[in-house]
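Note that chain A is present in both complexes that follow, paired respectively with chain B and with chain C.
Showing the complex of A and B:
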């Protein structure tokens, strides 16, 4: 007779199997936090734990959320609530090349939105998404402080100034693994 | 006491009272939407998020939300100034502007707080137009449907799930216009730790959270000449369904319920009360055995599938504690598809078993694979009290003028002990009535005199009755001091289980029901409770359960003649090999 007993490995077992070092690193960090029985005070350490976890894993997949939930004795839904509230946190993997188009006032007036649209067309992703091959992330920023070069595009640490839609394919071609 | 004036009427109220409560004392109802006070469970949801309750306080520049503003000495409140009325209407219009407004085809039509406010405020046009939230409907699984495009972000469901039940699968996610309530990573509910208690459904003021309905499937079965369709009705349905037909809460409508089911075309109308008596036979036998051996105590009841789900998810190390007895719904199904199908010469796959339940977790339970031997489900469809009421209306059956009719034999006769299953404390009381007789009739060889009455044995165990979340009682039966606890609401269950796990508390028997107050407050019951926000409806339903018990000639499960008969003719004795095969189950850790 079949029943509801799950014989598959749990999410946490899967995480420990696929990412043993990163998992140990995150666990070691949480060990340093004064976590107790009181949920209210544990909650105070959530953001820092998420911040570290994203630093270690690059993003916050559901297994990592679950680990943090269990260690901090919070619910998984609450953790997801926090992650989805802050644009800094992401539960999806981020592309290796983080293309960020500045859409601050100066860049915007000089046509940054057209640049975003062009990237979006060429990479076939929307703002905030990562391409299927995991190479490109497309995001927008609010003013990088280089208004004299508007519109500005940053790819990881590299800065492009006076960008026009026509330059987009060259910027993409510059991205070499 | 604090003295203030509301609309120039003086009123004195204790410190800490809100303007809303003070106004109610004067007979003034200030409209509310996000606020809810489950006073009998000591939980109040005061998110202050909708602002439909704003009133004018003299000297304050801003309007004050009445539901979460405490009164102050000398306060001068005006609930119906033009400014307050305009603000409330604007709030409502803005809510409506981002609402699908498909009331005519919404399950909550005529049971929706937003709809009734629009009618009370006399809204004729909606001045604002704009983008509308579009979110995919989650109707995975068997029990609960989430349509978050209808959500008004009152976040009552979060309080129900996280504070009352401590299940914690719902949370506010995203922000701004994209904000909604969802489980982790927008997973469908059936992939989370949700136990399907349906308390969030009762809490939702609009049509965002409702049940998954099987009315169409049942209509099809009823109209299929190759099927024999029988029905069972749970204890708590008879004291609540009348509310859907303008009866007073707490009116017992058992006879009309039976008659209505016959008019709908069910071949036989049976009673889950009958199988509740059967549950007691099996469960009390286990309790008797565990007390005698002193091993594996306490015995936890297992008739609530919401609670069973909670145990499997949250306490996977404690799966040995509950009774292995199936719930009355599943016992009924198992007997119907074996004993009864044989009796009437119908193939089990042509016998359709429908249950009418106060419960949404029972929809999930009926679909568990272990309850479908050889792929044939023991219980085919589960309808909530609400769904049945709607079928009765659709069929044009005049519920109120129906005569009182009786259940059919042989799965319809029941004792008073079974009907109290509907209220928190009832299962334990029923088990105690039977176990007490067995203990008092002690046999020299240690066996049980299963079907004997004992002289002067107790019937009413009033200490375990009532809506309180945790009740404890020590009952003296002969030489035995039996320690029992009764818990309803999963937050209370968690507290008690943690004490048991740590060894801090010791009991012989514990009843646990997922829904606060028991099945009378089940997730499938009429919505009357949530819209009134008070405990009077529950109190009335509970009292009705005990009135029904008192009205029965036989009040102990083991004296029910049809129960005695099925053991003599078919099962042998409680916990026999056949009884184990049909009436018992096991639990699975879920992580």
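Showing the complex of A and C:
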């Protein structure tokens, strides 16, 4: 392991080179935050900045973490500590179709685990993984609050209710680029 | 228009009442669950039908929040100006013309209406019926358009704030809440008025009031319903709280997973500000109050107030030791009140109708009502708000409509992962904070998951521990490692690898975790294990000593076997994902147990009940 400080410049430059528009978008958002010298009050904007960044980039790669760290005058380690704490944030790219099976109690009682297993078999990935072609991500959620439709599967924004293992192949077929 | 005085508010309400059209309203429930069930196309089709038929002068389509009848979404309620109302469930677009044509006076031909059992104690006399819902927190949910402040004003909205600001002193406000006996609806049941008094007693200066909208209990969705259905009630209550404790800033900490609630709150804050009901010099009393939204990022432990405060500060949401309580030293080190959404939703009603009125509902120790989210193997999945002291049996079998498919009731899990299960023998318990605790469960946020005879209790305990292991913040060793060990033991038992000493280990470890964890998460996480151990020792023993899962759930201990009803159609063999079923056409097939992954596809596919699960 080498120290990341030496590569600081290049990480940000790389980001600006690879994703100029997204980087500009994130920078523009951070410009609207009242960032000052006081680290304590800057920190209050960290979570909203991470939400925005993940919305723009889809995930939080190390370059983006570096950018946020510098703009908010916080350390990289602290940013990573926050990202790894909250389940909403991810530092790995995830598939274009985010298949999330609700595994809240109501869905569990109605057999959501069988649905997860079926997706896992059909897509040949485990829970928390993205398929090799980058199309599908399979995850589980803790209750989306649509317990009357249990078991519930969300594919991006679309909600499927009363899902049985037999419906899984159709749900996958519905995912068209 | 800016409302500067209580009489401005009265004048505005009079103006709105005068402008009331008298049209029959067609209410479409569009909370998250309603939308997921297909409510939006129904609302669009309804609007189109009303316009095309030229019925705009008679009917008005209103998007409302959740009425709690989630089991029959999408639904349309036809509500006449005279109060007559009919509710249609599971509506399809084809039924719309008939529903509109029939109006509120008679039921559309060939359709059935949903019976409701709801009364609103603020506006109505208690009906004769024995078991009824008593709606205080959910008073406006599903009745008004949450995106229009005018609808809220017509339902006495902001009257409580006007009264408090112009006629009461802060100490009187706290005292009235103490007198009402309102207890925190987020789980622990701490008296809200006392909490306010603590913060009010702190020296003057910057203070905060936080609304905890980080509803994380799987299976509980009442806070979402309130935020989506009646956001102004929460804002009004926060302003009242701000006045009582001397805070000028309110923060709503809300789950990022609730996009609709966030959108409606933003709109509500904007509208209240434009009317001058939030902002500077409210009701010309010199009282300033603003509200901001703060987003959670998916951490169950952030429901704990000190963890929540750390999360708002931009840190990892780890709890810290109390005291100092947040009411003394909270956000940025300043006195801070953290109240749950449902708690706040009760507050405007208390100040409109008085402490004595509130105390007259519920039990002496736990006044008022409580919203429960019914889910699992129950017919009427949805929200019910019932007076404290009601019997569990009435909630599950009267309001909840009993168990699905006529199965046998086994347990109800109350309080989510921190709660415990309650069995049939305790169904006649009157529900309040203390009685649930005595049964090894807890009120929690009010999730009620009903389970039937097909549920394996060891597996349920394993499920909750899996959740806790995921959500433990990692700060305290007993919670971080102890729960992991509990989970591993349960996992082994479910996998058929249990040993007799595990029973004692589970109990001992559970008690250590309870006694030595810092926050509520660790202190309650072994509850599901302890309560299932206590109530269903035989199920644990069957797993360990007989390698048998009595409910036939734990896959390691069951086999799928084809019986002699098999006619050899070959359907199961074609559907089997691992090709472990063999046999020739029209002869009994056979499952190769060494290859079978026990997914159960064959059993669900078979049309002749020729596959047994043992």
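The rule is short, and it goes like this: the second predicted complex is superposed on the first by the 165 of 177 C-alpha atoms of A that agree within 3 Å, B and C clash if a C-alpha of one lies under 4 Å from a C-alpha of the other, contacts with A are read in each partner's own complex, and residues count from 1 in each chain.
In the analysis below, a residue touches a chain if its C-beta (ideal position, glycine included) is under 8 Å from a C-beta of that chain, and two chains touch if they have at least 3 such contacts.
Given the structure is predicted, the values throughout are model-derived calculations rather than measurements.
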- Message: Between chain B and chain C, which one contacts more residues of chain A in the superposed model?
- Response: C
- In the overlay, answer first, second, both or neither for which of chain B and chain C A:65 touches. first
- Query: Between chain B (first) and chain C (second), which, if any, makes contact with A:80: first, second, both or neither?
  - Reply: first
- Message: By the touch definition at the top of the document, which applies to A:148: first (chain B), second (chain C), both, or neither?
- Response: second
- Touch check for A:92: first (chain B), second (chain C), both, or neither? neither
- Message: Which partner chains sit in contact with A:14 here, chain B, chain C, both or neither? Use first/second/both/neither.
- Response: neither
- Message: Using the superposition on chain A as set up above, list the residues of chain A that contact both chain B and chain C.
- Response: 81, 85
- Message: Under the definition above, what is the set of chain A residues touching chain C in their complex?
- Response: 40, 42-48, 50-51, 81-82, 85-89, 103-106, 108-110, 114, 117-118, 121, 141-150, 152, 159, 161, 164-166
- Message: Help me check something: in the complex, which residues belonging to chain C touch chain A?
- Response: 32-33, 36-37, 70-71, 73, 215-221, 224, 256-258, 294-300, 311-317, 332, 373, 375-377, 381-382, 413, 416-417, 447, 449, 451, 455, 460, 463-464, 467, 470, 473, 577, 599-601, 604-605
- Message: Taking the touch rule as given, give the residues of chain B at its contact with chain A in the complex, in rising order.
- Response: 162, 168-175, 182-185, 187, 192, 312, 368-370, 373, 586, 588-591
- Message: Can you tell me which positions in chain A touch chain B when the two form their complex?
- Response: 1-6, 10, 62, 65-66, 75-81, 84-85, 91
